[in-house]
Amino acid sequence: MFISETKVEVRYAETDQMGIVHHSNYVVWFELGRTHLIKEIGFNYAEMEAEGILSPVTDIQVSYKHPATYGEEVIVKTWVERYDGIRVAYGYEVINSKGQICVTGESSHCCVKKDTFRPISIKKQLPEWHEVYEKIKK
Amino acid sequence: MFISETKVEVRYAETDQMGIVHHSNYVVWFELGRTHLIKEIGFNYAEMEAEGILSPVTDIQVSYKHPATYGEEVIVKTWVERYDGIRVAYGYEVINSKGQICVTGESSHCCVKKDTFRPISIKKQLPEWHEVYEKIKK
Amino acid sequence: MFISETKVEVRYAETDQMGIVHHSNYVVWFELGRTHLIKEIGFNYAEMEAEGILSPVTDIQVSYKHPATYGEEVIVKTWVERYDGIRVAYGYEVINSKGQICVTGESSHCCVKKDTFRPISIKKQLPEWHEVYEKIKK
Amino acid sequence: MFISETKVEVRYAETDQMGIVHHSNYVVWFELGRTHLIKEIGFNYAEMEAEGILSPVTDIQVSYKHPATYGEEVIVKTWVERYDGIRVAYGYEVINSKGQICVTGESSHCCVKKDTFRPISIKKQLPEWHEVYEKIKK
């Protein structure tokens, strides 16, 4: 299993009046982790979109363990939790500088054509991605 | 079971380059639905916080079915899915004007003291909330 | 001068650890006010975009007077501050329920073709918009 | 004049349906640039807040020149544009990898007590900050 690590500096704008990071922001950090994983395995999500293929989220799940706060730097660990040729599920772990797990999570994705939002088979339409995802998945 | 309905007008800033609402925003809409449900059953979350009790999210889950888009008005349906005196889980459904389900979801919460983030028992510390939650839960 | 009024309920996610609305959110509320003004004068920004014309922001200015807080409902007043056939500047005032001015601001916009981001003349390309903007401007 | 440089990777969630970064996000990037400048001159904004002093924004101005897009890395240049012992104005420039100026901007700030939001004199209450700000200002 390949694990990508992304450093994220907590932004002031990401806090809320509880004094901690608002829970919706971890979903944005997951996306950042995903972008990095894709780049590290040799692909580019921006280019895939430019070629007319989108990869929308179909499901997301987050468990909050320990709040992250402004001024901290956290690490988003991202990996391919499941892959079957059509759907990809990424796993995530956000860890603070003390090694505490802030959140764990998972997001599921399919690939669709930009114009129609019709699902496509990653295995058939993106054989190079398929090969690599098979290799790096958990 | 009591179901609260909140109208949400999709904001331009909530869209992304897919041309649809970015998936992190539904988490914010759920929070809006929760605030309304609490108000409709006679309580006020802002006041509870002012009195030193917070209700952080411990888990969140979202399933994306149909994209919402700018210019639309959607309805967030919110209800108490589970309640046991300590934890509350709210259920959500976001529905567009054609009656299509855009997303479904669930969020779990506990109550903690503002100063220490130590969990408290809703049943013991907030007996009035307890009574109502018992009544309206699914 | 025509003034549009938009009610905005302050969202929890819009607060920051100062316990007030994070200053970036007023920029989002201005956009909401703008969308409403355009609708009230009989047009539809979403449709204009669908026809290939965008109206990006070229300048924005905000003065913060009094913080808005979670649980409040504020009103965003929006009007056409200046219009010359090519550029539109909207003026804004955000007012809380006590009548206090929270922020004042202004945003400037041009119109561009979606494909090229090349500026177009509103007067020539959108004569119906031109006529109304001339009428309602300050 | 001291200029701080902060790298910012454009996030997918920061784009809107125009296919470019939504204009409200530059305001968030400015804040990130400010945090870094403060750190680089030897202070820590998070600690200042922990000691009961906040530095809210009183005015903000942004001029949009060239859109930033997902997949890019931009640089936020931040400096002290003006300082008079009570108010600080920071200047900003966001530059893309081709050297194009995406936006320029300015934000003004005062310092207030956390409890009361009453303004304080930086010169008197924070003499160490005062000394450095006098040195590095434009």
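Letters A, B, C and D mark the chains in the order given here, with residues in each chain numbered from 1 onward.
Just so we're on the same page, a contact is a pair of C-beta atoms (placed from the backbone, for glycine too) under 8 Å apart; a residue touches a chain by one contact, two chains touch by 3 or more.
None of these values were measured; they are calculated from a predicted model.
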Which is it for copies subunit A and subunit B: same residues on both faces, with over half shared, or different residues?
same
Determine the centre-to-centre distance between subunit A and subunit B, using the mean Cα coordinates as centres, and give it in whole Å.
24
Between subunit A and subunit C, what distance separates the C-alpha centroids? Give it in angstrom.
33
Cα centre of subunit B to Cα centre of subunit C, whole Å, reads 28
Two or more other chains touching the same residue: where does that happen in subunit A?
12-13, 17-18, 20, 24, 28, 31, 70
Which category does the touching pattern between chains fall into here: line, ring, star, complete, or other?
complete
Taking the touch rule as given, give the residues of subunit A at its contact with subunit B in the complex, in rising order.
17-18, 20, 23-25, 27-28, 31, 49, 54, 56-64, 67, 117
In the complex, the residues of subunit C that touch subunit B are 9, 11-13, 28, 31-32, 35, 44-46, 69-71
Residue ranges of subunit B in contact with subunit D within the complex
12-13, 15-20, 22, 24, 70
